[in-house]
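Next come two complexes, and both contain chain A; in the first it sits with chain B, in the second with chain C.
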Partner chain A sequence: MPIPRDDGCTLTGALSVTTEIERCATIIHGPSGCAHHNFSLLHALHAARDHITTPALISTDMSEREVIFGGEHLLEEAIFEAFSRHPDIICVLSTCVAATIGDDVDALCRIPHDIPVIHVPTGGFLGGGFLSGHINALQTLSHLAKRGEGSLSVNLVGEKTLEYEVQEHYREVSRILASMGVPVHTRFVCGSSLPDIQRLGNASLNILRDPSMVPLGTTLDRELGIPFVDSFPLGMEGTIRFMEEVGAALSLDVTDAIAEEEALQREMVRAFSSLKGKRIRFSTRYAEEGVFHPGYELAEMLDLEIHEHGNPVPVPDPFPVGTHGIRRLLNRWMRGCHA
Partner chain B sequence: MPECAGPLWPCGLTGAAACLSGLQKIAVVIHGSEGCYFYPATTLHVPLYCTSLTDQDIILGTDEALIRTIDGIGKKVRDMYVICSCVPSITGEDVRATLESRYGENAGIHVLDSPGFSGEYEKGYLAALSSLNLRESGEMNTCINIDGISLMDPFWRGNLQEVERMIRLAGAGVGARLCSCNAGCEIEIAPSTIHANPDLVSEKGSSLGSLLGIREIRKTVRTLEDRFPESEGVLSGLHLPEAEEHIVAACDKYLRRFDPPDVVLAGQCASMQAIAGMLDEYLGAGILGIASRNVPGEGQYPAMWVRDYAGILEMLEREEPDLVLGSSFEQTAYPSAAWVGITPPLRGAVRLHARPIAGIEGALALMESVLNACIDRQKVT
Partner chain C sequence: MKQIALYGKGGIGKSTTSANLSAALSLQGLDVLQIGCDPKRDSTRMLMQGTLIPTVMDLVRKRGDPAVTLDEVVYRGFHGVRCVEAGGPEPGVGCAGRGIIATFQILEKLGALDADVVVYDVLGDVVCGGFAMPMREGYAEEVYLVTSGELMSLYAANNICKAISRLSSRARSRCRLGGVICNAKNLPREEELVAEFAEKIGSFMIQFIPRDQVVQQSELNRRTVIQFAPESGQAEVYRTFARKIMENRRLDIPTPLEMEDLEDLAYAYST
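For the complex of A and B:
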């Protein structure tokens, strides 16, 4: 495909994790352009989410000289500079350029330090795409966690930190969990600190953001003995199924919570009854990719006709989380039908 | 210290892509990783292509990825530009030879080396521009080219419209629009050029001057009207004095209640010098300094090269300006000052209309934003 995916490279994926950790300094070993791209994109997303801070990134600012003679000395100096800022943890990410010229980033990170200095294996295209970087960073950080006592709580694992609605999705999954009496222990890693990550093993269940995180879920199950549910709640039936799975995994009776959620869903469907009988159509792209099923479920529930000349309505990927996510989506469908 | 804490400015690859992707008959192929593609694709808002290189390509050669990409684009466009990113430049493959042997010499596929490690945005932009075949045309003697248009610039559409308007008011036609036009890599140009951005001067056609800042506009309009006397000085006799009158009145009204602001400007150096001159002349602003994104040239006001967020933070905390003109990085770094966004990136705000910063309307828009930002800050403090 001459037009590639629109989610960036391994580096961006890893940065979406490391820049979320409190008091973490991230070093990008490569030309300043690679760091600028990501610094600017992360700044944009932070601004869109009303964050007033900028990501703590340090570039080793490789130039032609280092491409010829090697750039490990720059990385050493950057680690030294990062220490002077007194972070709790330093994450070192390499770029295509560092990987191509063969700088030994791992060796520099293995030198004993007072705080964890972690090499996240990235390398632009040399390490894969965005998702690989995202998972690699989480896998690497998960080694900091220890087995715990397993209190009645859950970790949220692999949230898509660059997602515009990431906080709304978090609030919704927290609401659903709270309705079952289950608190969130750690968000791995949205806004978490090093001690939060180290205590990851104290939860009883990991809830993965989506099935792409299953390799990580499997690792955490093996290393920390915590089983997982493979996705946040998606769709009407999916939300109820999610509650059943969490209840089963934690040996909880969630009958009342499910009844309340179903009542909320019925109320929501009534609120959008003016959509009844409208003709809608989904984007072909989604239909081809087979990620439209919750959309069909909604259309059926609201008695909408799917027609090739219908009003275009969005079916976002990833699909909004939980019942309140569907409500926000239906507001957009209303606009699509009335515009 | 060589490191750069939060680099503020894009690399040469993005500069080259910003220049070439403004030419609608050119398909721009980023020969590199998806990461190198992702940033220009999301900031330029035009279709770009990418060879999406993987580790396998580096081991076995990138020819196959390149050919697969070019074949995928097919004959949708007249010309194609392959911009080589860092890694193909390091591995040193002969991309030109590969393309020539596969597609022949006259296939309209051009190669530009623009690795990010070799320089910054302006260098890449200007290298791409000078690689184009710009030929002076005798049929364009009554026209003026516009240069300094870059899709990276949040004001490019507004600037283009405003400079075109002024050229037409001066009685001339619009020549080549560098670079936003329906052209391939061969472009006919007029003998003279006006600059919408003094940091991206093409050196193609004789320069009539820049249109950024009233002082420069005045000089350029004079040159323009000498060249096209039949316009009877409508710009210098009517439009420019009228705009100045508005600016003077608004600034005077502001100064009746408030002291002139002390200002830090952050952006491309020559552009910031021109804008600083306008703030100094009309508002009596104290220019504390210019944090230049590119290598600073000569100018009336003190300028230093500030490449990273740590540097801008340090400068702003040291200077304690009342007003900052720059990007949303500066807005975030020093929120207690009044802020006007004039430098990319401008994040966290909805921007829809074609707002200029160059030309007469650009000067008015800028002074309007400056005064409103200063007044709003006074309300808060």
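For the complex of A and C:
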């Protein structure tokens, strides 16, 4: 059976977005458990990245009483409570229970407020999992942006904010873009502010984290007139191809930048020459073969033999971004080969 | 202890039938408990001389927790019939089905479900799991369908059969169809039609209740027929019905009809 890529909780997917917005209060309309297990997960992941502020979550703490009589009054109180913390934006996420009994969350969010109060429908039982929560949240937030003048800059769209190396990936893609003279406009969304999001439309290209974000990329193209490149750079050849795509999309001459990147890649391969001739096997287990493609590319470039009794080396998924991502990965391969 | 539930289309006369049944049973010397399982909360009104009693859900809503006592939810009505109303949310919000489930849990915890006969009067249709609660294990073992000869009423009754046959197929389930009650609307050949419907679904018509002005008169006087017009023929019908219920040993797993067959049946009696 293939590994499901859209599994998990819709609410968690949406929270991976809203908790990355600065000065945002997120209300979870449902039983306290829905907030608690997500709070624990987010807090643990943030702490692992030395980020120790707790996620700004408010639970409406629904009980059986609200299930029977309706819970809209609790949501009203929670919105009131959120206002008292003076956020820039309030995101209201629904849960399975709130959606089942049909609380009209939309109607409460539509009441005019001084700051944006947005509703992301996240009743998980309605189908879809983590990914749809992630995309729905971004899609809803994108309505806060207007079409802009299209400055020479790019947005990073759909970063996986719960992955351990999210900042490393960001630094690497920024470095590659900077080498072509392209600045990052808005990270949509990772540590971003409300004004960042509202200015989303001013960039001239969106770079999607990976192809799972294509539905969002398509919407942003339609709504804000910003085309997209469908993935961060992955693998050696993939990094060069990424640079060509970005260059073509922005009508830039990137010949020199590519030559520099290729030189950097050659230098990196030389630095790992002690691996040459080693026997390896991929220790990461996947249901699908295609995931190993960048692993084969690396093995060939470093002249490694793939053998069933070889040294175990990982091929992580998501694959590390850009040339420096490969450098970090090859350090792990060195350890695997005791080289 | 005998536990029975009355189901049928909204407005067909379940509450009137239930209240008169409970009244008649109490006059047989039985300890009767009637539980209204409808957010409209008017099942026991005639037994309570026109008073709408506080519902279990009212108390839960006010208190915020299910810590209610027996005295607060059980009220004595005509001839000592004990009355309970489940109640529920305001129309259009929340989940009434969950309200019924919560009510049953509370009544169970209070040990309230104890009588010679418990009569559950359930709202129009078995719209969700909550309203099938009285049919679950440990509650009503006999379900009676209340219908007239009108197609829509038969349709609702047939639909409820689906819930009964589904629930009765479960392990340890003792829920069965006890019979069909024809609460007449004065249609031509109505008694024959409902009797044939009952037979076709694998049951029988346990009682034909004719249409009579005295029912409306009694209700306008906030009484059951049994109390308001005990000498009337209609009161005798209810008393007969109560005896038949106590004597009934026939319990069936019904086989619901297909829509077409139901229509053909109603059509055959339409001329």
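By our rule, the second predicted complex is superposed on the first by the 325 of 339 C-alpha atoms of A that agree within 3 Å, B and C clash if a C-alpha of one lies under 4 Å from a C-alpha of the other, contacts with A are read in each partner's own complex, and residues count from 1 in each chain.
Convention: a residue touches a chain if its C-beta (ideal position, glycine included) is under 8 Å from a C-beta of that chain, and two chains touch if they have at least 3 such contacts.
Remember, predicted model here, so these are calculated numbers, not experimental data.
Undergrad: Superposed on chain A, are chain B and chain C clashing or fitting side by side?
TA: Fit: chain B and chain C sit side by side once superposed on chain A.
Undergrad: Using the touch definition from the top, say if A:C9 reaches chain B (first), chain C (second), both or neither.
TA: After superposing on A, A:C9 lies in contact with chain B but is clear of chain C.
Undergrad: Name the contact category of A:A263: first (chain B only), second (chain C only), both, or neither.
TA: Neither partner.
Undergrad: Hey, in the superposed model, what angle do you get at chain A between chain B and chain C, Cα centres, nearest 10 degrees?
TA: In the superposed model, the angle at chain A is 60 degrees.
Undergrad: Examine A:G70 and indicate which partner it touches, taking first as chain B and second as chain C; both and neither are also allowed.
TA: Second partner only.
Undergrad: Considering only touches as defined above, state whether A:G33 meets chain B (first), chain C (second), both or neither.
TA: Only chain B is touched by A:G33; chain C is not.
Undergrad: Going by the contact rule set out at the top, does A:I101 touch chain B (first), chain C (second), both, or neither?
TA: Touch partners of A:I101: chain B and chain C.
Undergrad: Thinking of the overlay built on chain A, is A:M62 touched by chain B (first), by chain C (second), by both, or by neither?
TA: So A:M62 only meets chain B here.
Undergrad: Of chain B and chain C, which one touches more of chain A's residues?
TA: More residues of chain A are touched by B.
Undergrad: Looking at the overlay, does A:H43 come into contact with chain B only (first), chain C only (second), both, or neither?
TA: first
Undergrad: Touching A:A271, do we find chain B (first), chain C (second), both, or neither?
TA: It touches nothing on chain B or chain C.
Undergrad: When the two complexes are placed on top of each other via chain A, what is the minimal CA separation of chain B and chain C in Å?
TA: 5
Undergrad: Based on the A-chain superposition described above, do chain B and chain C contact any of the same residues on chain A, and if so which?
TA: Common interface on chain A, chain B vs chain C: 64, 66-67, 100-101.
Undergrad: Can you tell me which positions in chain A touch chain B when the two form their complex?
TA: Of all residues in chain A, those touching chain B are 1-12, 27, 31-41, 43-44, 47-48, 50, 52-64, 66-67, 74, 77-78, 81, 96-97, 100-101, 123-127, 129-130.
Undergrad: Quick check: in the complex, which residue numbers of chain C touch chain A?
TA: Residues of chain C touching chain A: 57, 60-61, 64-65, 88-90, 93-96, 98-99, 102.
Undergrad: Where on chain B does chain A make contact in their complex?
TA: Within the complex, chain B touches chain A at residues 1-14, 29, 32-39, 41-43, 47-50, 52-55, 57-58, 69-70, 72-73, 85-87, 90-91, 115-118, 120, 307-309, 328-329, 332-333, 335, 345, 347-348.
Undergrad: Within their complex, state which residues of chain A touch chain C.
TA: 64-72, 100-103
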